[in-house]
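Two complexes follow with chain A in common, the first pairing it with chain B and the second with chain C.
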Partner chain A sequence: MGKGESSSKKVIGREDWEKRLSDVKIRKEDMNKLVMNYLVTEGYVDAAEKFQLESGVKPEIDLSTITDRMTVRKAVQSGNVEDALEKVNDLNPEILDTNPQLFFHLQQQRLIELIRSGKVEEALEFAQEELAPRGEENHQFLEELERTVALLAFEDTANSPVSDLLDISQRQKTASELNAAILTSQSHEKDPRLPSLLKMLVWAQNQLDEKVSYPRINDLVNATLEDPV
Partner chain B sequence: MAEKLPSAWSVDANLSSKLETATCDLQVIYRGSGKSDAEAAAVKANRPVPTSVPIFYYEVRVISKGRDGYIGIGFCADRVLMSRLPGWELHSYGYHGDDGCSFRGCSRGTIYGPTFSTGDVIGACYNQLEHYIMYTKNGVSLGIAFPGVNELLYPTVGLRTPGEKVEANFGTKPFVFDIDSFVQEQKRTVLATIQSTPIPDCDVVRRLVLSYLTHHCYCGTAAALARDLEKGGLQGDRLDSMLRRKQLCSLVEEGRIDEAIRLSQEATPMLFSAFPEVLFSLKCQKFVEMVRAGNDEATMAYGRSELCGGEQPGGATEAVQEVVGLLAYPDPQASPLSYLLEQGRRKAVSEELNVALKALQGEPSRPPLTTLYCQAAAVHKELASTVGRAARLVDLDSDMLGIRGESA
Partner chain C sequence: MPASARSRPEDIVENLSSGDTSARLKALRDVKNQIIGNRSKKLCYIKLGAVPRVAEILASDTETNLLVQSAAAVGSFACGIDSGVRAVLDSGCLPHLLNTLSNGDERVVEAGARSLRMIFQTQLAPQGATFFRSGGALENILRLLASANDDISEVAASVLARCCDFPEQRAAIAQAGALQGLLHLLTHPNPRKVETALDAIASLTRNDEQQSRALLNAPGNPFLTVIIPTVKERSGKSRLLACACVANISRTCPEYGTERTTGPPGSARDVAAAVISALVKLVDCPGEAGEEAPSVLAHFIADSEDLQKLACDADAIGKLSGKLAAGSGVLTPRHRENIFHALAALCSTREEGRRQLVESRALLPVISGLEDAAPGVRAAACACTKSLSRSVKNLRTSLVDASIAEPLFKLLGDPDPSVQATASATLCNIVLDFSPLRSQVVLDGGGVAQLASLAHSMDATLRLNAVWALKNLLFMADSATKARVMREVGYPTLAALAQDPEDGVQEQALMLVRNLVHGKPEDIEAAVRPETGLLEVVDRKLASGARPEVCVQALYVMVNVATGTEEHKERVMATCTPSVLGRFLADESNPQIRVAAVWVLINLTYSKGGNVRSRIERLRRLGLDAQLHKLLSDPCSDVQDRAKTALEQFHEALQPLPQPSVQMVSAHIC
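Entry: the complex of A and B
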């Protein structure tokens, strides 16, 4: 980008921008619907039930239909991947048959759980017998497998470059992927709509950056406005 | 304000004497001798294609091919010579009927599409999203003729032999080509691009939802969600502060204003000195509740001592007049001010109290999730009004979030 280009950028100051933000109208009811859609799609049944009571928003599907989905999901969240695999197959065996990536990630999670509980030998055996053959079929799988096995190489895994795998969010990630697959098999929207809001925001900000300097949001969790450059 | 689209051929002093227009300047007829290429004449539209329009489309019907049908259809920039057929000059783009060739800044053509003649309808599309010009013939797309086009252009037609006669449709009549489906297809492409935008991992959304629930005091929901998210669920102080806010807000929503004021003051002694306007709103609400209860004398006395005496925050006079006005009606529920007695007003006051309580803890007035929505809407609006042609194709509420607009 040349100097001339940046100096010709339109600048919108903080005060002006904050006024624009407060001029945006969104009904709380619509926001609540998005939250309900999120809770239902992600399978947080308890929260969805409570939310129905507290906000008066009706869930878009019968909450009882998500119980099975939730059981499977909870199994992954609490580290019982074998349990989850069994239950998914009871629910619909096609889900895993038609989703090699999901199946791999579940097996990977199983390996992570073995490593977490210190069963080194069992972990190695499992990696070699169950995961390595799949890695040979797919380069991406192989990389992920190698990264996971690397956990065994560090004495202090928490401070290792692969510590993220042991994080609770890794279980969440696997659980979400499984959840989405079950939703698709039940012909429900597999993704909640709220992430689209974030995608739209990130996309639009990137586009606008080219021509305008304005208070941007980089920290999505806290939604903090940065000063325009 | 949307910029105006081209709507007719430009008939001014510069119009070639070899051309004549008719039917509200939509038809063009060739009146020259047509002896050689030097006798060619072109006309452009009254306005250029606005840069803000993602996809511009118009059609030309050939009423008569005249002697030889040397007809050119396309786009050209502002200062292009009008005594030449479209495409022969630089910054000029044309599709010619006699040979089906496309011309771009050169008098030698490139093989492009079929020839066209009397009765055919030719469409010209300037796609400013993907920077190309394409044509259609009798409702069928002929594909991209000119890629990499990125300049301000006018629709243009050029004629060259006697009897040639064409008529343009700039959108006042239905097009032969299904341009709407074409635009929808483009829109799907843009949506797919947006959906593939990487965002930080899914944990962000969960945390946003949790802070949203906490902000609005959906205590049970927040606790249930937090149990799934964090070890040990919601932490002590966060839960306590939310429950306290919830309690105070519920009192307001039940109309128990005195208790709300007293307990707020006890729990956070700083609150009303920091936010006198909130105390004032609560007092106005107290007045409304007294009207509801029906003791006019006590209500009046309260109004005099609490609302009209002493220092008042800005905007107070109007607020007082509004609520005191209720006393003018024998049946306030059936009065024009009955909206003051609705539950929504209690909720608004309760939200005001909630925001003040949050502000006292150094927290923002909107939950981060709502701020992200406002930011997305504001950025999108600015984008659509300045540079983002793609942004114009997409609506945040209906396309991205499944929110149906309120009917006006």
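Entry: the complex of A and C
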């Protein structure tokens, strides 16, 4: 604590800092809303239900819609794209009707799944009938389509330049895009607010570092205050 | 159900009419899942006649699942392709979709409402008329507005927003209490709900004084406390719609406009500045908000020079020109049209705006806009040139450099009447005597011929503009130009225009005659030869008690004819004019008429000899000198002065003063 006056940086000690922190009043309800927002957006239905019982915070949307959304998401993650398509169309037909890029990516994922299961003929037919017209409508789709069809050209797809398409992360990517579109259609933000708050915390600390020494939070998980240097 | 993909579309369509309910349901789901997001599949199923079959299910089935699926399928057919919307409308399923709104099962209501929204989002929709024919549908929609289900209330608001095209519709919607419901939605935490509610409110108040005033004075002040703050926050679309609401009120409620110019800081004046600033920023916004922002801006500033100044100060012209410079190829036709309208409004009254536009190099895109494939764009670009042509400086320089005359002539023959109207109005200014473009118009006889043929148009605006332009063309024109123009127009046509059913056209036609008979005695002679019948027509105007504006012009024709030879003066004397002149001299409602009437007397009594004494004697017998005496104490000093001159001539006719004869011509910027 208390360095000499010669120091260029102002130092704020732990006691002073904690006192200042406790002066900032954050309403409990706001904290609870933040938690609920995270649970709902990330799709933790059970946790959201329990949290609702415990805290009394009302979720921003009907929890049953989370279940629907999670079923759709799971279907893509496990490779049942057609199933996911039907479910999302039941949920709200406008989602895929007004979002050509998402629709293309789901069709592309369907093609990938056909190739993965070795149904070459079916895959070719599907590419020609369903995907080729989308490629004609949009140049960017055409390039992605060509890349996907290239999977058929390699015997050892795992070592091909397009191997990433068969990766599980490709399914995750498609599933997340679909998840985000459903959330948007329900007038909900695509991302939970908590991570962006953490980003703001990190940014604010970096800004502050240039001017003062203060008890910093380095361990974001436990939020422990480190003594100022 | 991967097997479904294998079924042939023909079989699926056949199954839509199957007697077996579960087969129908399966076929419906197959169609729906295949067409959603898929343009080519939609076209394929429309061709196979699937739409009427789906409509039939919607019309006659009652089972929830069938209704939900058929409503969803209909909505998807109507999404994204015009032929789909047409097929849906042709199938006659709209009343059945409306029926779903009163179904007991919320899933049916939601599916039906979504489909309706799809249909009402398109330009092809029968714009609300259906609601007013279908009993109870409006009430249903309003009930849905209050639904706890976000989707349903949002859909209800967006359907309402598409039903505000006619005053009767807006009145019916307002009378059913929609405004309160919509204002209530504005306070909802869901931004999409707020957006659709704003959309409906903006549509309800556009060009509607009654609804605008209802919004302005709504209980609880939502206009001030909710709509105005939205101008600065929320999504681009919401900002735009809030701006549109303010613009609607500002255009239709005069008291709000007064507050804007004279009110204290913090009042409507600051709101206007905030709206202008928001709109100018929105110009750069991607998507619909950026596309429509110029249109709202144009609407907001159209009638107000101070708002135009505010917008110019906020660099609206630079921003809009920048968009155009980025290449009109990347902008949709609607976007280009909106930008041109905004630019036209920005330089409609202020020379500074015109200077900015020319300097921002937007002139080239404007000129090429005159040849755009879309009629709306051509009309809007033409509106820009009209605004620019109100500047003498532009007429002499930049518009000449941009060779504007040729594309403008082309537009006179445009298939779209609104394009023709704006083009002819622009030409009115282009042919003014100080414009170097005038000689181009006259030399290239094609322009005159086109104007002459527009003067025959069935459309009164086109006739008006054409005669107006021809009148300006003849302002201070030489004899050759007059002869050339009259060769194209023809005296019978001119006589007919002077008796047009529209007063405005009559007035312009008489001004044209007035310009024609201004100048040398040969010019007068050419126009008032008995064969032309013109003098007779003009005389009849005065004798028959036409409207004051028409009479003023008719009197000035007589004034100009009376500047001619002795014979011309005697021809005026031979008309009914001298006998009705007393009526005009005594017209207390209009000093202009009195001035014109006195001028007739001045010119009839100004002479170096000839018959002047006889004319004065005849005019005295009509009691006109006594009337002139009364006018010496006229409230209008111009009338007083002229009456004095006339009386001097009456008294001094034996020794005429070397006074110049006075001739009257007329030209007007359009």
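Please note the rule applied: the second predicted complex is superposed on the first by the 128 of 229 C-alpha atoms of A that agree within 3 Å, B and C clash if a C-alpha of one lies under 4 Å from a C-alpha of the other, contacts with A are read in each partner's own complex, and residues count from 1 in each chain.
Heads up, the rule we're going with is that contacts are C-beta pairs under 8 Å (C-beta built on N, C-alpha and C of every residue); 3 or more make two chains touch, one makes a residue touch a chain.
The model shown is predicted, which means the values in this text are computed figures rather than measured ones.
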Partner chain in contact with A:Asn222 - chain B first, chain C second, else both or neither: first
Which superposed partner A:Tyr44 touches (first chain B, second chain C, both, neither): first
Which superposed partner A:Asp30 touches (first chain B, second chain C, both, neither): first
First, second, both or neither for A:Lys199, with chain B first and chain C second: first
First (chain B), second (chain C), both or neither touched by A:Glu94: second
Between chain B and chain C, more extensive residue contact with chain A: B
Touched partner set for A:Leu21, first chain B, second chain C, both or neither: first
First (chain B), second (chain C), both or neither touched by A:Phe103: second
Partner chain in contact with A:Leu166 - chain B first, chain C second, else both or neither: neither
First (chain B), second (chain C), both or neither touched by A:Ser187: second
Shared chain A surface residues [contacts with chain B and with chain C]: none
Chain B-facing residues of chain A, complex: 10, 12, 17, 20-22, 24, 26, 28, 30-31, 33-35, 37-39, 42, 44, 46-47, 49-51, 53-55, 77, 168-169, 172-173, 176, 192-208, 210-212, 214, 217, 220-223, 225
Residues of chain A defined as touching chain C within the complex: 82, 85-86, 89, 92-94, 96-100, 103, 130, 133, 137, 186-187
Chain A-facing residues of chain C, complex: 1-2, 5, 29, 32-33, 36-40, 72, 75-76, 79-80, 114, 118, 150-151, 190-193
Chain A contact footprint on chain B (complex, rising order): 193-195, 197-209, 211-213, 216, 218-221, 223-225, 227-228, 231, 364, 366, 368-383, 386-388, 390-391, 394, 396-397, 400-403
